[in-house]
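For reference, the structure is listed below as structure tokens.
Chain nomenclature is as follows: A, B, C and D, assigned in order of appearance, with residue numbering initiated at 1 for each chain independently.
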Amino acid sequence: MKIDVTRRDLLKFAGGAAAGVMLTPAPWKAIDDLAIWTQNWSWIPVPPKGPVTKRATVCSLCPAGCPVEARCVGGLPVSLRRLGAADAGALCTLGLTGHHLAYHPARLTAPARILHGSEGSRRVPVPLDTVMGAIVREIGAAGVDRRVAVLDMRPGRSVSWAWRRLLDSIPGGVLIPSPAREGSSLNALEAMKGSGSYGIDPGNARTILSFGAPLAEGWGAPESTYRLLGGAQRDLRLIQVEPLLSRTAQAADLWLPARPGTETALALGLGHLLLRGQAGAGAGAADLEAYSALTERFTPEAVAALTGVPAALLVHAARKLIENGPSLVIAGDDAGTGRLGRVCETAIMGLNLLLGDAGRSGGVVARAALPAPFETGSLAPEVELDRIDDRSIGLLLIDASEGDLPMPWRVMQRKLAEKAVIVAISPYLAGTTERADYVIPSAAYLETIHEMPTPFDSPVASIRLSAPLIEPRVAAVDAGEFVRRIAAAAQIDLPEEWESSEWLMKARVSRIHESGVGNVTTPADGAVQNVSELSSADGLWDALLAGGHWQSEREEPAASPYLLLGGIAESRWLAATSDRAAQLTAVFHVPRDVSASAAVSPVVTKIYQESGLREAERVAVNPVTAQALGLKRGSRAKLVTAAAEMGVSLVTDDAVMPGVIDVQPGPTATALGVKRKGEQHGLFDLFAADEEGAWRSMNATLVEV
Amino acid sequence: MDKPLILRGVSRCSTRNFAAWLFPWVVLLAVGLFAIGLCLIAGLNQTNMDNRFAFGLWIFLDLAVIALGAGAFFTGFLLYILRRDELRAVINSAVVLGFICYSGAVLILMVDVGQPLRAWFTFWHPNPHSMLAEVTFCITVYLTVLAIEYVPILLKNRQLRKVPSFLAFEFQLHKVMPVFAAVGAFLSFFHQGSLGGLYGVLQGRPFAFREGFAIWPSTFFLFILSAIATGPAFVLLTTWMVSVLTRKRLVEKRVLSLLAKISGWLLIVYVGLKSIDTLVWLNHTAISTGTYPIRFFAWQPFDVWVLVAEIVLLGLVPALIFLSPSRRQSTAWLVTGSVLACGGVVLNRLVMTIQTLAVPTLKFEPFLMYWPNWQEVAAFVGVVAYGVILYSLSFRYLTLFPQERDLQQR
Amino acid sequence: MKRTEPKSRYGMVIDLDRCNGCGACSAACAVENNIPPAQPGVNERTGLTSMRVYRASNGRAFPDHRTVYFPVSCQHCGEKTPCVSVCPQNAVDVNPTNGVVSQVPARCLGCRYCMAACPVRARYFNWFDPEWPEGMDRTLNPDVSVRMRGVAEKCNFCHGRWQAAQAKAAAEGRREIDFADYVPACVEACPAQAIVFGDLNDAESEVAKQASGSTAFRLLERLGLDPKVYYRSERAWVRRLGDTDFAMNERQAARG
Amino acid sequence: MVKLRGFAPFAVGVIVALVGGWVAYPRVLYRQIEQPAQFSHKVHVGEAVGLSCEDCHFLEADGRFSGIPPLENCAGCHSEVIGETAAEKQLVEEYVSKGREIPWLVYSRQPENARFAHAPHVKLAGIACERCHGPHGESHVLRPLERNRLSTYSRDVEGFRLARLRIDEHEKGMKMDVCSDCHRERGVEQSCLTCHK
């Protein structure tokens, strides 16, 4: 029999199938599985699996060198926290997210040539020999008028000595410690004392007078931040000189909003009061008469007129310094706030000497130098940038430039000769490295052993080693080895036989062991062990690699004559204190805890663009100032300084002193790993150093566009 | 060309003109679907909504559309339960409108949620305390009811009537229609209320929070009232628009004025209660949470005028128009009244959704404003286009206005 | 959602006189909870952070101007928790043992009703798919799942650490966790130790002591939601900023 | 008769659908994946070797459960081939000698959003492994893992039996409802974050 299938039959069949399938798990399970699928999308990153371990190391992102405990999964770090007692403070945002940096999008993977064009720069990979060729060529052409200089962003490391050995055999070779490093004003002290190495002892100070140092924002060791904010336990009094109510000024006991550029006058004014306020102040000064003669005219009233700080406040501040000692005066010279210049720094350091000669616990102290990695034979000189002639550097090698505190490039630029060649060694193509002609990849934080020599705010010599936790993700070049290769290429023979930075560090550690001085503290349990008890240098090395902290004993107070005026000519003093009455002054202020590294974790967007807690590129004025200029919040304006001019969008903030433009370059787009095209100059470039090497403030104008 | 599909005795424009009329709407629908696709594939970052304006244009319009769609159930309620037989003249149109409004709203909701494929969790793991769960349940069930109510209208089509079993089926359906009307009415009263409750229960939003009776805040009842008050007005308005567009008399005047009268009485009650509620809120509810209610209106564009406009201009005025028998005779007044009334309910939904989120709660957070972007607008316009197309087809091939034929033959 | 009074109530006290807005809590939170960095074009309105630090001020002019920073995370309301009661499908609940208000991304359908309901706007929506720079997903925390696009999320007191502490306790045969094993990331990361965390029901605990102090207050207390996150400040004007009335001047309104 | 004729297509439809839904669909839904290596629990816990379960699966001090033993456990004995099975030969050649960890496919792997801590279940509640894992401990061969193509779950987690009637505890699988049922029975105060992460 034949069955003729009509359309109606098919419809019935379909109906039956529809009814039937409802009686099976298929449709229901499909709906369920589909929902579950949305919970397990293949493109959502899955965290690593593996055994969980805790490993100790040291943070190498800023000179403070915090002890760190890394929580590792499958051997790789997934989170970091500061080891040790709570009252020692905690990691800053930069340190907390440090384990991200090895994976930063701006990582350099190979040596490259950077071609700087009108709209942005281009990166072309080149073999290392090409870079070496350029270096050797410049070394050949070197002389006193066309120097070969190494800009050392992290001076004091063993490899710095290797550089100086190399440079010693090159005419005009010189090592320049980063002018943007913290504590750079301490060498003003050396000029005043004639010789010796000095440190400060904030840990034991009860009162600190700070000229803009972001003490509560990650300046130096986190202890100071904790001591300032630590509520009930608060045992530190702070007098902050700053033209805006910064997060530190906020935490200060006394806030002296002085007009930018008048810090020298303010310091001399306080000198005036200290000389008269306490018996025997400045007794050890060879130029006491000259000093008192100079400070004579800086009466509280005169200074008040000049700086805008009420006379009564000045007197009050001076009294606090005398009464609530030990007191320490610091210049706040880190890049976060910009340098104040030699004259001003001398005036500020002079206050410390007026409060008591070096060697005062809680004040300025004589500090043993960290042993060099090898017997100091002849070394190239270490010269401050402001002592270098303008347009005299033909070849600039930038070492450890990942650790560059944000230095306005124009500060360096004025020292560069025609067609100067710049080579940077850095893990990232970000920050200062972007200015280089050639870049060479180096290992990032946690990828290799980083040496952490004496921090500027330590009263004793100290060293820490940052132990690696991650396999290097790129073919990194080691600075120590690189020096050796340059020497080979330029036929310079070096006395020592090092082949790597690690060799140099080991050499230094063994010399520390020989000296037998000091002790090693293990941050995990706080156990202290004298170096003399350690059988071998390797023992010390291992202790350091395990997160140990070596410190020397305190030096004996060295009372010796000094020059309160640092031997600086009176004309310069008068120039520095003259009333440069400017309508508007732009001040430089970088949030310290995200600016210590050229590259920062992308997660930092949480406190910038994602929360508005801080503006990434902030240009703020007091509403009063804005009104006077006929500008409104958010209005576009052109900010002009002697160095540069650029369009900005204005923010009004009552925390800013009237007449002041608060310029805060946050983490730049490149620092966050965001590719930004054609961005040749940023807010930094509005600032340039004057002949005294100061770049904290610039006279500026602001016009609506 | 499509003659055989069109009911005998009524005149319809040529197929070409009809196509010409549909074309722009089809284009808009296409654009809308594209925008929807973007949101589904790339995610809701395609919209202008943000963490503050978690609800944006879509939720606002969903609420508005559902309020206007109330015409469907309320007309059904009046016709089948309260036996106002005059309304048989518009019931079909009302049902189709209701179906369009609700299906459109549900469609947009599916785009609005971040994980549409998980939407059914609400049925599987419901949270009885959530007004949104109530809404979801009622709306889905009611949408099914509307679909069922749609069927007999569909089966009235000239061709479909030829199938005997369909005819029988339709006859059966008609007998049970009152049951569905009743169910629909109940569900609708409930979810219109829940939609109001949605905001009234927000303890954390002093601007929206209202006290009430039992588990229901006052907004629960106000939403029901405002919906059923404007529902008839919307039916009136659409009927008028259709007759203008098609240049036909579709219903007798008295039907429209009846709708207006009903709307009017309900509006006046609504305005009264709304005013009382507002006063209680300003002088008690808000104060008790320590807020200065007047601050709610301190930011443009949500000035005090919003309150005035909502209650007086778009509430009281249309009510008075509808309640004056003389004005009810003039189409112009009827239309003006309906426009105002519908505008009122829309403004109310805007205030509840957008202003609630715009005003700050914490002292240190700013007042924020929000504007939809093209994706949001396009998606919604697309849904409107879908509605217009569906209505046009229904009007052309089905019998939305039973009186049309007689009125034409007179 | 049956509400039985939990035997312990986890909560925290944030000392606003110690906080200086460094944002370490936000960063630590993002690291602990696998919160992805911002996509290009994301701003403070579309951002994703479970611990947002707000900047507020006394509204006075220079030099009397003073700023205060409010770290605001989920306040873990105790009474008629707004987000819990509104969620249509129980993606939010209150832990009966410790009162922590949880948010489960796997259950969430992304209707965002909870966000509209939250008085402090501590709930955030995943507008984007989560993305990390190539290789950085190697640093994700295995104890917290990565949220997909289209769901809401918020602080739940680092439940990953809580679960770890629970497991540790169980392994040692204990049913009660040891607070030494359970410290939320923001508390651990604060350089000023401004945040104290613990069980508010334990009268002996530091957190309970501080929470009952005369200078302690809570955000929008008069809404009657009984949050478990407390703030404290010696400064009266700071305490007033936590209140419900909108005594807000335009300049503050302008601030983000 | 005519009636039946009219009904037949419908009936056929129903039957086809039933067969498709109950038999064909599961076969299509699950993908069979072979384990990277073979292992016999029977042999290793038997007299011949005499290992105990805890030698490979144990709680760590921090409460984490080390479920899948690392390669070195195997390498301890199988540094080079000591038996004559192909499986062992493969183990030594492909993994031990190369020092490559074995990428085992975990039958009971929970999804990313769930966190199952063995400690409270084993230590505090004293639940036997078999309750969830079934007689896996006596298995002689490692069957292929069946992965749901849509949900990506292992079939062990979803449960093998589609009809949920009269099935043993371990056959229920390890999906959420199974966990919460047991928690409810034992009166465990639970919230989402008890198990979700």
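Quick note on the criterion: contacts are C-beta pairs under 8 Å (C-beta built on N, C-alpha and C of every residue); 3 or more make two chains touch, one makes a residue touch a chain.
Computed from a predicted model, the values in this text were never measured in an experiment.
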| item | value |
| --- | --- |
| Pair sharing more residue contacts (C-beta pairs) when C-D is set against A-C | A-C |
| Chain centre separation in whole Å, for chain D relative to chain C (CA means) | 37 |
| Where chain A and chain C are represented by their mean Cα positions, the distance between them in whole Å | 31 |
| Rounded Å distance, chain B centre to chain D centre (Cα mean) | 52 |
| Residue numbers of chain D (touch at least two other chains) | 62, 64, 111-113 |
| Per-residue multi-chain contacts in chain A, two or more chains | 34, 37-39, 44, 46-47, 52 |
| Chain C, residues touching no fewer than two other chains | 47, 54-55, 90-91, 106-107, 129, 144-146, 254, 256 |
| Chain pairs in mutual contact under the definition given at the outset | A-B, A-C, A-D, B-C, C-D |
| Residues of chain B defined as touching chain C within the complex | 43-45, 49-52, 54-55, 112-116, 118-119, 121-122, 124-127, 129-133, 136, 198, 201-206, 288-292, 295-296, 298-299, 356-357, 359-368 |
| Residues of chain B defined as touching chain A within the complex | 115, 117-118, 120-121 |
| Touch list for chain A against partner chain D, complex | 5, 9-10, 12-21, 23-27, 29-30, 32-34, 36-37, 39-40, 42, 44, 46-47, 51-52 |
| Residues of chain A defined as touching chain B within the complex | 31, 34-35, 37-38 |
| Chain D-facing residues of chain C, complex | 90-91, 93-97, 100, 102, 104-107, 143-146, 156, 159-160, 162-164, 166-173, 175 |
